[in-house]
Amino acid sequence: MDFSTMNAAEQAHMTKIIEKKQMQDFLRMYSNLVERCFNSCCNDFTSKALSSKEEQCVLNCTDKFLKHSERVGARFAEQNADAMGAGSK
Amino acid sequence: MSFLGRGNTPAGGVNPERVEMALQELDMITDVFNKLVTSCHTKCISARYAEGDLNKGESVCIDRCVSKFFEVNKKVGEKLQTMGAGAAGAGATQSAFGQM
Amino acid sequence: MDFSTMNAAEQAHMTKIIEKKQMQDFLRMYSNLVERCFNSCCNDFTSKALSSKEEQCVLNCTDKFLKHSERVGARFAEQNADAMGAGSK
Amino acid sequence: MSFLGRGNTPAGGVNPERVEMALQELDMITDVFNKLVTSCHTKCISARYAEGDLNKGESVCIDRCVSKFFEVNKKVGEKLQTMGAGAAGAGATQSAFGQM
Amino acid sequence: MDFSTMNAAEQAHMTKIIEKKQMQDFLRMYSNLVERCFNSCCNDFTSKALSSKEEQCVLNCTDKFLKHSERVGARFAEQNADAMGAGSK
Amino acid sequence: MSFLGRGNTPAGGVNPERVEMALQELDMITDVFNKLVTSCHTKCISARYAEGDLNKGESVCIDRCVSKFFEVNKKVGEKLQTMGAGAAGAGATQSAFGQM
């Protein structure tokens, strides 16, 4: 995304809104992660406590999801940069 | 889930920042609740719908399901704090605005 | 959630917003319920009319979903109260 | 689906409450339409995608699917009214704000 | 939906908001379409390039989805008109 | 993805239309990114969660998945332009407001 055509007041306004969106993105990512790891790891409801096996699965699931998101984000940024270099200039 | 900070209070009027934060927290709670309802429905409720009441097995399953979901919520929260992953969340926003 | 740190004007403002959100929550719950019960109960498209078996399924599905939501809501409120008692005091 | 009430009208300007209600109704219709498209796609369209046109069977299925979906919408609405379930919907909002 | 009870200023205001919503609807439809056709058509990740078979599948998927949406939209409008004729008069 | 036009700029203040457009573009990018993350997770990540690190196969799969997803994004965009399908998108909005 290219903001060079925006004036300083507009850029400042955008920055503030983007900070708010990043907080919302983070919260949504958090709840998606809980949902995803719960659904994948918890299948036994004969007990209300998390078993040690389930707990380990949740920790690995969280860990792996974040690493996955980071890798996707890195590739996404590269592809986006390529697409914009080709498209807008 | 009260992990959002609070701003300073003015005397009588509405502090938009504080209202904003409370609304963000409310949206978060609603989102988690809706996911909880859906997940436990998938885990506990038979899709045959032979009757309209919850049977004994379904009721017990729901109670345990909510309890486990909260434990998972706690574990994921702790893990995110350990990893200092606040940054990793807003992937697209950061990818798209890295140059600002 | 704890609103004791809010002044009266802020609480009144929140109450109004919350009422609006409750309406939105209700409408979304309604459409989710239609989607869920349709997907579970309707699998025969040799006719355009709902069969009596499908209709009964939809009624049970609605009934059971609301009872499910109520029970989840009750447990959710308990757990939230516990978490806040432990966390914020 | 015109079940949202309407406020009083002022003479010339915009009544924000009435516009708000119309927007809420529009969001509701859009939401229902999107769910209808997705549900009938799942029920009627083969995921093989051997051709780009709807075949006869798919077309007939779509027509019946929309019709049944509306019937289900009606049945669910009637059932909710019987149960007076207006309250049950906003579970999280109520759970989270019970103390206000 | 019936706007005859709205005054001219309100109708103009609604029209502007609806135009904005149509743009958002279109963008969401676009990303949903990409997601749907990618998930249905791409299952081989031994290569990073789209195969000609996958490409054809994506084109058919897009084509068919739009025709599906149009048909659903036409039936939806009919049913809605029926429901409003019966309900509001 | 920079397909949204831009309005004229005033001298010093904030042009709400231009900010609005930038926000719409940002929401679009975030939406696409989230779908990409979910799709590639489904395609590439085993749900067994025996370890927390990405293994070699998963890493390679992710790279190819993102690449293919962008190609699909491009093909769908081209197809939509060929079909002039701008109108088809807002089905419910149009169906509901056809009489205005």
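Per-chain numbering from 1; labels A, B, C, D, E and F assigned in written order.
The rule we apply is simple: contacts are C-beta pairs under 8 Å (C-beta built on N, C-alpha and C of every residue); 3 or more make two chains touch, one makes a residue touch a chain.
The shown structure was predicted, so the numbers you read here are calculated from the model rather than taken from an experiment.
Here the repeat of C-D among E-F, A-F or B-C is E-F, since over half of its contact pairs match by residue number.
A count of C-beta contacts for the chain pairs C-D and B-C puts C-D on top.
Chain centres here are Cα averages; for subunit B and subunit E they lie 29 Å apart.
A straight line joining the Cα centres of subunit A and subunit B is 15 Å long. Those residues of subunit B in touch with two or more other chains are numbered 26, 29-30, 32-33, 37, 44, 63, 67, 91-93, 95-97. Annotation for subunit E: residues touching 2 or more other chains are 1-3, 14, 18, 21, 25, 37, 41, 59, 62-63, 69, 72-73, 76, 80. Those residues of subunit D that touch subunit C in the shared complex are 20, 24, 27-28, 31-32, 35, 38-39, 42-44, 60-61, 63-65, 67-69, 71-73, 75-77, 79-80, 83, 85-86, 88-100. Residues of subunit E that touch subunit F in their complex: 1-3, 11, 14-15, 18, 20-31, 33-35, 37-39, 41-43, 45-50, 54-55, 58-59, 62-63, 66, 69-70, 72-73, 76-77, 80. Those residues of subunit D whose C-beta lies close enough to touch subunit E in the complex are 1-2, 6, 9-15, 18-19, 22-23, 25-26, 29-30, 33, 36-37, 40-41, 44-45, 47, 49-54, 58-59, 62-63, 66-67, 70. The residues of subunit A lying in touch with subunit F in their complex are 1-3, 5-7, 9-10, 13-14, 17-18, 21, 25, 37, 40-41, 57, 59-65, 67-69, 71-73, 75-76, 79-80, 83-84, 87-88.
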